[in-house]
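Sending over a structure as structure tokens; questions will come in a sec.
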Amino acid sequence: MKFCDTFVLKSNELKEKKVFRDAIHDYIHVNHMIIWQLINSEQMQRLRRIRQLGGTYQVFQSAEHSRFVHSLGVYEIVRKMIETDWLKDQLSDYDKLCVMCAGLLHDIGHGPFSHSFEHIFNNDHEEMTVRMILEKSDVHRILSDMDEQLPIDVASIIAKKHKNPILIQMVSSQLDADRMDYLLRDSYMSGTTYGQFDLSRVLRTMRLYNGRIVYKKSGVQTIENYILARYHMYWQVYYHPTARSYEHLLGCIFLRVKDLYKNDYHFHTDMKYLLPFLKNEVTVDDYTCLDEAVLEYYFREFIHEEDEILSDLSYRFLNRRLLKYRELNEEDDYKQIQLIALNHGFDPRYYVFVDMQTQVPYHYYGMSGELSEIEILTKDGLCPLPEVSEIVYALIHSRKYKEDHRVFFPKEIKYEVQNI
Amino acid sequence: MKFCDTFVLKSNELKEKKVFRDAIHDYIHVNHMIIWQLINSEQMQRLRRIRQLGGTYQVFQSAEHSRFVHSLGVYEIVRKMIETDWLKDQLSDYDKLCVMCAGLLHDIGHGPFSHSFEHIFNNDHEEMTVRMILEKSDVHRILSDMDEQLPIDVASIIAKKHKNPILIQMVSSQLDADRMDYLLRDSYMSGTTYGQFDLSRVLRTMRLYNGRIVYKKSGVQTIENYILARYHMYWQVYYHPTARSYEHLLGCIFLRVKDLYKNDYHFHTDMKYLLPFLKNEVTVDDYTCLDEAVLEYYFREFIHEEDEILSDLSYRFLNRRLLKYRELNEEDDYKQIQLIALNHGFDPRYYVFVDMQTQVPYHYYGMSGELSEIEILTKDGLCPLPEVSEIVYALIHSRKYKEDHRVFFPKEIKYEVQNI
Amino acid sequence: MKFCDTFVLKSNELKEKKVFRDAIHDYIHVNHMIIWQLINSEQMQRLRRIRQLGGTYQVFQSAEHSRFVHSLGVYEIVRKMIETDWLKDQLSDYDKLCVMCAGLLHDIGHGPFSHSFEHIFNNDHEEMTVRMILEKSDVHRILSDMDEQLPIDVASIIAKKHKNPILIQMVSSQLDADRMDYLLRDSYMSGTTYGQFDLSRVLRTMRLYNGRIVYKKSGVQTIENYILARYHMYWQVYYHPTARSYEHLLGCIFLRVKDLYKNDYHFHTDMKYLLPFLKNEVTVDDYTCLDEAVLEYYFREFIHEEDEILSDLSYRFLNRRLLKYRELNEEDDYKQIQLIALNHGFDPRYYVFVDMQTQVPYHYYGMSGELSEIEILTKDGLCPLPEVSEIVYALIHSRKYKEDHRVFFPKEIKYEVQNI
Amino acid sequence: MKFCDTFVLKSNELKEKKVFRDAIHDYIHVNHMIIWQLINSEQMQRLRRIRQLGGTYQVFQSAEHSRFVHSLGVYEIVRKMIETDWLKDQLSDYDKLCVMCAGLLHDIGHGPFSHSFEHIFNNDHEEMTVRMILEKSDVHRILSDMDEQLPIDVASIIAKKHKNPILIQMVSSQLDADRMDYLLRDSYMSGTTYGQFDLSRVLRTMRLYNGRIVYKKSGVQTIENYILARYHMYWQVYYHPTARSYEHLLGCIFLRVKDLYKNDYHFHTDMKYLLPFLKNEVTVDDYTCLDEAVLEYYFREFIHEEDEILSDLSYRFLNRRLLKYRELNEEDDYKQIQLIALNHGFDPRYYVFVDMQTQVPYHYYGMSGELSEIEILTKDGLCPLPEVSEIVYALIHSRKYKEDHRVFFPKEIKYEVQNI
């Protein structure tokens, strides 16, 4: 047998189960030693220093939570799933442990200020998560100490290659523990109602069918509600233009650093934690060291750099001198605004940019077998969600998806931009 | 001048403002003597004995609230509306008072177990509300004591005939104080999340334009959220088949009483409070006396009537022996089930019925000037909601609206029905 | 063996577990056929027509919930208790069923408008609950159909005579499922925060010790919080003077009816459902018929009685013409107010009364073995709560308990009373 | 006239009022340009990088919020206070602006990881707040640009020296905007119920009397509830031993740095931002630069220092290898544990410490005129809270206050410590 037997698993159970208080799930229950150890691993503790919402807390001030607490929530939802009546006897103890670990660890590969950073440094957080699990790391050690096969199985769930589709669906699909936790959590923390949906009913209407997770027909409206919660959270919270402005500013700092590095600029700042990323030779250890505290420290240092662009952008970032924005009406606007910026001494490469947001409310794969499709159990067999939900059907056949096109620029040229 | 001057209105303000604690709005604020008097009127106090949700509390057990507390909530939302920055200087004190009274009183014409009762006794609750305000009643006295014109103006808001469309929109439109209160309240009381939406943001994005209430474009998604909240509350709560079963049972009792009365059946029960309804000669006083306590008393008495159908239906009603249901697949099913019922001695007229539910999520009137249309203020002028909301557009152009067809029948024939 | 064996119990489990949505517990889970049958019994359904809070909903308008939904909540808390790690293996399946039934049924003996009614008609709701379980009734039939011994065991829990103290503690003690549900529910429904406490933590710190329920020391503050929640709910909600005024009015109607009956007054109202109570010959069936709808119907009829006192009090009751009140400063005040009332033609026996409220925040029994004492597990063994809680200790050694003395009288003599 | 006239104040009002969404207050309303500017000042933005709860988020994982968002909440409560009926006409526009600024800025002098840092570096956050307002800083510039006197008046409120006691009471007393916000916020964010109390009712029962804020008698229980909320939050959340362990670890790092610096240890880490604190020559600018990101960066660097103690403590801190603890039974225990530590090579100065927590639930000043006393308006005049509240009276006359004595030590000597 390739993996640890039941005896080992049982002995891994904590004598006294631990709980963490949590604002979303009331309690996070930790029943296994290995989960406890993973929570205290360097990779997981690092997530405390990476905010869940990047720049969004510049608008929704109270949403300052980290990816760490979100990861605990994903783990807890996975744990609840495997304890439901319909699943508890359908998975081996080993598979249960694998999927709980995968839920907990699914975000460890996220970089600081995730999206801007990924964009400029070509970092893929999913790939990095897999590397952190498979290569030498605190997390890898904990997993392989229990069973050599464990890191491989946990990573394969995250990479969506595990042979048991149920485990993948729980962690990454259009209705997974990840999305369910972040909608509830981001909504609660930001003080908006948009992301609320009925988690306990989603869990109650889950069923197994032909070895996959599907949903009872009576759950369709709860799922519609969840789909729309996500749609509204995107437009109201995640894509809020002020949050976007903050992300853009961040992206420009990274871009400027990269450009300066390429041009052999002499940095006064000792950037040892960023160098591997600039050289594109990143180890798991390098990654584990880079968190938002380190970058915020660098931004503070950058203020004193001789390069005026880097210095100025960093000051703006730390002291919330965000860029202004307006709707982009015509393509030509963009060019005109770039010109105005240039005339005022702002390099448009770093000070003017266009943001196009769109969000597909539901990805329809039909009966292709794609795991991400939400399937509904009807008396005539399985159906993709849009076939039984009038609302989701309407959404995916909508004449067009909502789109936002905005252009961002420095406050200093606001009046001239208005007069275009 | 036709109506009371500012002096009278000011003097109507309570020296010490009163508040009621409320689970939805935290506090209901009563600042005027006349509002206080109306709350304590016979017509309003009667609403304490009429449940908001008819039979729905048979499924959502904790939703036992009355139309009285809902009416206070509608009043409170109207009061909040007229205190917003955009409205407070645009309405006369007199109009403000009128619309607060209209919000408070809008439901006084509801009968007990509203919909079934209306259906069988051809009662129109809106018409009755207007009569109660205009004819001799406690409410009429309070209003006309203040100003002769007041009952007429309050009634004309409710009848949607007032000359100021703003007042009508606040109380009856697709986004009015009535719907906003019942969604929040029914959702809170039933313990579901479906009806939650962002009331404070709706109020913040309201504006006046050409003498009508419209909404800022930044409020579109909040309104979408509200439209969908309503859609889901209908399907999840109001149309729940067990609630429908209860409503049907109730309707059948009323129908049987009516049929027996027509056929000169001798009732042992002293039905003096129902007689005017059977004779179709209902005064405002008759109406004020009829509440759910009276009907529940009658149902208890009916158990001892000689007529077996009436007795049996009443027993079922009081002791929750509801009818069973299944989806109606073919028209022919209905006939077969009627036949089975007949064979078992159940008169199908009272024991088998078909329920067809559909709900139009949004009524689109375009720019016809219909007050119920939700209009959005864009930089290109006013637009009906569906023109700027991808979701609402999709909903009203959906291939079809969701429909439910169900047939209800006595539990006693359950097995035979299954074998059709 | 006296009671049904495991086989019978297992077969009583529902194939498809049922749930009710609930605003407090999210879901009420029904796993056994017998629980389902009891919920649908005449005695339980009657509780839908008896409000949980008597007159309190006259002040806290949104608190209109019934004893029925509270009873479901008590059942659910009991169910959660027996599923905790520390209890699930310590009780037989039969005992578990007994205590769940006891939790569900503990309130069926409550009269309409409970406290005023009990007071005047010398009804003891606990005694009546026991009778309803042991004598011929729908509830008795359901219980004894399963096992002859079952009614006896369920009743003995409610009568606090069961041989297993754990079962009694769960249903009636200073920290029982009854109080825990009503604090959370009344608080939620009334829209106040006072009654909130941390139910899930109370359940987590429960332990068994020498065959009794005790609590871990780490739970002391959660329990303090609960004790104070109860203390504040009493003063802020249950003892609110307007609610008291309503209760007094109710008591006076009952008193007048009783007095008139003794004096052979001829009632026009057909009082068949009240007669057994006036004759003091009440059967379980009589009791099952009497609910608040019946009494509200009678009050409406009483308005037309010739006796002016009864007619007037009933009108006041139905239309919220409550009595006014003030603090009672000196004993002599009371006499003076009675005299004023008399001079205005109000019989003081029915129109003036004194209300003295006090509430003992915690009953201290020490180590007497009284089941109601809350005991804490410390490293030195068991301790009564006040020995380890500084707050509860302070409360029971307080110089005096808070007391409210108020006198109530008709609004018509308000000004003369002010001038005393 | 010393300060800016009404014209200036009015012109400071924002044309379009701004709002921030907030999880606690729904919206934070910003109506004045100067408040908007202060929010965006360097000193306020720095608070985003200082957590509200120091080490507590190590236990209550979801409580990751910053002092920035708390400061917005304090401002919002102050704003609500000055808009109540009883205060809005009693304060000049200038005083209103002063106290809103004071509420917003009251925490800017907090250091990173506030309490441990203050303890070791003898920093007084209140003194530093005053310096930041009076000396050259972004905040000072914004205030004095409006009016030269403004910084002085705002600072005098925070220093409790302003001539108008009302303004001081709002910001610093036993029932102030600061405490009210942090109880609600910390409770919400941590997912516990302990800190909840009825803010809207506290505001409703506030009155002015002889130029001071006092409370109506009907508000006594709401205030009791608040006092106890605070008491329980201290013991359940703020004094949680795991949080204390984290704080101690932090304190030891600071202590080690200080000791090494005194002994001329050569640091590899470039500690320029800490140097002024080690030299005890701190300017406002130095302070503005020091936030938790900087310290977290230093801790990461310290791991690579040659000094083993500093390196080890820093590793423990960043990767949550917290110290273990047990109750301190006898004084002698402490010495024994120190000895065990020493034997295992742990310098007890940095690895073993005793923590004594006590919390006075209410400071009683009687009628001394101390502004912090909560005074109640009764029909016999003003009374200190304990004279009318049985609960607060009992608390302050309790035989003793709750105390916790704990000793903390490294996990490595856990077993030996158990065997003492």
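Order as written gives the chain letters A, B, C and D; numbering starts at 1 within each chain.
The criterion applied here is as follows: contacts are C-beta pairs under 8 Å (C-beta built on N, C-alpha and C of every residue); 3 or more make two chains touch, one makes a residue touch a chain.
Quantities reported herein were computed from a predicted structural model and do not represent experimental measurements.
Student: If each hop has to land on a touching chain, what is the smallest number of hops from subunit B to subunit C?
Tutor: 1
Student: Tally the contacting C-beta pairs at the C-D interface and at the A-D interface, and name the larger one.
Tutor: A-D
Student: Where the CA atoms of subunit A average out and where those of subunit C average out, how many Å apart are those spots?
Tutor: One centre to the other, that is 50 Å.
Student: Mind checking the centre-to-centre distance between subunit C and subunit D? Centres are C-alpha means, answer in whole Å.
Tutor: That gives a centre separation of 43 Å.
Student: Express in whole angstrom the distance between the two chain centres, defined as the mean CA positions of subunit A and subunit D.
Tutor: 32
Student: Touching at least two other chains at once: which residues of subunit A meet that condition?
Tutor: 26, 192
Student: Going by the contact rule set out above, which residues of subunit A touch subunit C in the complex?
Tutor: Against subunit C, subunit A makes touches at 17, 19, 26-27, 85, 200, 204.
Student: How about subunit A: which of its residues touch subunit D in the complex?
Tutor: Touching subunit D: residues 20-24, 26, 28, 40-42, 45, 48-49, 57, 59-66, 68-69, 72, 138, 185, 188-192, 270, 289, 291-294, 296-297, 300, 318-321 of subunit A.
Student: How about subunit A: which of its residues touch subunit B in the complex?
Tutor: Residue positions touching the partner: 192-194, 196-198, 221-222, 224-225, 228, 231-232, 235-236, 390-391, 393-395, 397-402.
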